[in-house]
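There are two complexes below, and they share chain A, which is joined by chain B in the first and by chain C in the second.
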Partner chain A sequence: MKELFFIFFSLYTIAAALGVVLAKNPVYSAFSLILSFFGLSALYVMWGATFIGMIQILVYTGAIVVLFVFVVMLLDLGSVVTDHSHSWLTVMVSAIAVWFFSLLMLRTFNHTPLVAPATPLAESNTRLISQLLFTEYLWPFEILSIFLLALIIAIYALTRPDAADKRKVHP
Partner chain B sequence: MTGLEWIILLSKLLVIYLTIVHVVPIMIWVERKGAALIQDRPGPNRVGPFGLLQPVADALKFLVKEDPIPNSVNRVLYAMGPFMTLVPASLIVAVLPVGDFFEVQGKSYFMQIADINVGLLYLLSISSLGIYGILFGGWASNNKYSLMGAMRSASQIISYEIPLGLAAVGAVTVYGTFSLREMALGQEGTFLAVLPRWGVFMQPIGFLVFFISAFAETNRLPFDLPETEGELVAGFHTEYGSMKFATYFMAEYMNMATISGLMTTLYFGGWHLPYLTDATLLGWLGGQRNLLAVLQFLIFFFQSCCLPAHFRLGALDGAAFPL
Partner chain C sequence: MMEAQPIYWTHYVATCLFALGLLGFLIRKNAITVLMCLELMLNAANLILVELSMRTGTPDGIIMVVFVITVAAAEVAVGLGIVLNLYRLKETVELDAFKSLQG
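So, the complex of A and B:
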């Protein structure tokens, strides 16, 4: 039964991901991205990582893709006309990509079972993550948050309008 | 799962979900009649006694009216927009606890469709999916004003998700769990033998923040900018006809009902009546009590729907961060 769910959700995620790449209209791509994140979240929850499954929807689908969609909607891109010619460079790069991907697949299938382990966790996944996050991994957690703060400040500093621009706008 | 468990699950599903759906016509009547009384005018009084059949008339109208589809819209996303708001609004209902538990053949079942142990996270994530219906619907309408209304509404919703989430995290910290049922259970008993141990008394600031953000999340006044009739024609649902517009409408009202349900669960003790403590009997009564509390909130909403003024656009998002 669980194998059935896994096959269904992984095929669904792959189909949605293909939709992202193959859709002609960028808004359809963004929509397929949302669908693929749902599939991913379902897979996470199936493997027992309920916290990450919910955070996937909350953060990725609920915030990051919203930003994508905002940008795509405000830029009137229209449908893309694909250029079907393939140079030798395209073929070579595709071959290398396929090779790497198949290596990854072989390694994964040899080492990972198809469904979640049969023994359930002692406490809930969220509780375990939070316990680890605030005891063993506290330093990385705090340093990451300061890092993110530095990133935000840097982005603001790079994108804010200069005082020179202001003088031009209001003569 | 045995047959009995299936039957209980399906009946819980039907009862709880259909209750929230049936609240929508009641809310339509309360809003129109209540707004009318506050504004010193009669309101709907033609259709039934006190206009009580007005929602029925509205529903019939929506069913029978022509559903226009403008020529230049993006068909797929235009048709899907309303349902992308309706589906998350419906999914949230699954984790709201409406009562304690009831016993059938010696086994006790929770009065909740699904008690997920990350229930609050589920609720926050699914409610943030409601944005897509608005965004895609507004964009697919191929209309500058719809797009602007959609962007304004979406940016308002995502700005106010932050205070909403922070207030909810306050509740998580106090009760030590993400599960909504356990949060409601943590509000039993009294504090200093005088106040019931409800969230609104234990965390008044959190309640205030949540209350204001809830208005913003559901696009109700005073956060009515996406639908301001004086500025944009009708916001993101300008181009939508009868049944699709009705779906957006229904989704907005169901969102209000579920957020007020969440408010009762986090801040008003869930199903706990103020000073009583007995478990099982309270379980049966408590189901009704939680629904009463939800209705109580809806009346709050409607009272405030007509009184305050609109926020100016820039002030709205600027207010989110200090909040």
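So, the complex of A and C:
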């Protein structure tokens, strides 16, 4: 039964990702991205990482994809069907390069020797994650918070309305 | 005792996702869709991290995933800010329109 669910969610995630790549309209791409993230969240939960599954839905579909859709709405691109595709040569060469790269990745994944777990992680490991985050990984955690603060200032400087006018080129 | 090497299908799923993200990154021309394909690649990496972390019984990979998600959110915010500025400059988000280095 678990295998059946795994196969279903895997195929569902890959199909939704295919939708992201192939959709002409950026709004359709964004909604395919939401579907793909829900499938990935199910895969995380099936591996036992329930906390990551929750964070995936909350942060990715709740914040990131909403940001994408918001920018599409702000730029009024929803009705614009971008049909300027690359030439067939570019697409074929990219596909062949990606194919070889993924073969290399698979080989690396499948031939990495792994130590069998002495004690497998418990099904609910959220407590363990939070303990590690505030003891062993405290410094990266704090650096990340300062990084986010710097990011707020940087994005404000980047997108404030009068910043673009100074750089605007009049052809 | 020799056993046949078990097949881990999650490797194949993550590789498929990464390949799709990379392909979209290479062949799409809309800047917003290119950013979405970047997200797909980051998620493939997250899937592999979660799988290996659960298989080896070490929680470090899962903590790495938390950091990756935070940095991904930051990256999207910066990327979309840049896309907004580009749209103000050229009235389009097609990547082919941005050819000159001197703004």
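In this section, the second predicted complex is superposed on the first by the 119 of 171 C-alpha atoms of A that agree within 3 Å, B and C clash if a C-alpha of one lies under 4 Å from a C-alpha of the other, contacts with A are read in each partner's own complex, and residues count from 1 in each chain.
Definition applied: a residue touches a chain if its C-beta (ideal position, glycine included) is under 8 Å from a C-beta of that chain, and two chains touch if they have at least 3 such contacts.
This structure is a prediction, so every number in the text was calculated from the model and none was measured.
*Asks:* In the superposed arrangement, does chain B or chain C reach more residues of chain A?
*Replies:* Higher number of touched chain A residues: C.
*Asks:* With both complexes superposed on chain A, which partner does A:Asn110 reach: first (chain B), second (chain C), both or neither?
*Replies:* It touches chain C, and chain B stays clear.
*Asks:* Once the shared chain is lined up, is A:Ile57 touching chain B (first), chain C (second), both, or neither of them?
*Replies:* Touch status of A:Ile57: first partner only.
*Asks:* Which holds for A:Phe68: it touches chain B only (first), chain C only (second), both, or neither?
*Replies:* The second partner, chain C, only.
*Asks:* On chain A, which stretch or stretches are contacted by chain B in one complex as well as by chain C in the other?
*Replies:* Shared contact residues on chain A: 51, 55, 63, 74.
*Asks:* Please output the residues of chain A touching chain B within their complex, sorted ascending.
*Replies:* 25, 27-28, 31, 34, 50-51, 54-55, 57-58, 61-63, 66, 69-70, 73-74, 124, 126
*Asks:* Where on chain B does chain A make contact in their complex?
*Replies:* Its residues touching chain A are 74, 76-77, 116-118, 121-122, 124-126, 128-129, 131-132, 135-136, 139, 147, 151, 154, 158, 161, 178.
*Asks:* Which of the residues in chain A end up touching chain C in this complex?
*Replies:* Counting only chain A, the residues touching chain C are 6-7, 10, 13-14, 17-18, 20-21, 23, 26, 29-30, 33, 36-37, 40, 43-44, 47-49, 51-52, 55-56, 59-60, 63-64, 67-68, 71-72, 74-75, 77, 82, 84-86, 90-91, 94-95, 97-99, 101-102, 105-106, 109-110, 114-121, 125, 128-129, 132-133, 137, 140, 144, 147-148, 151, 154-155, 158-159, 163-164, 167-169.
*Asks:* Over in the complex, which chain C residues touch chain A? Could you list them?
*Replies:* On the chain C side, the touching residues are 5, 8-24, 26-30, 32-33, 35-37, 39-40, 43, 46-48, 50-60, 62-63, 65-67, 69-74, 76-78, 80-85, 87-89, 93-94, 96, 103.
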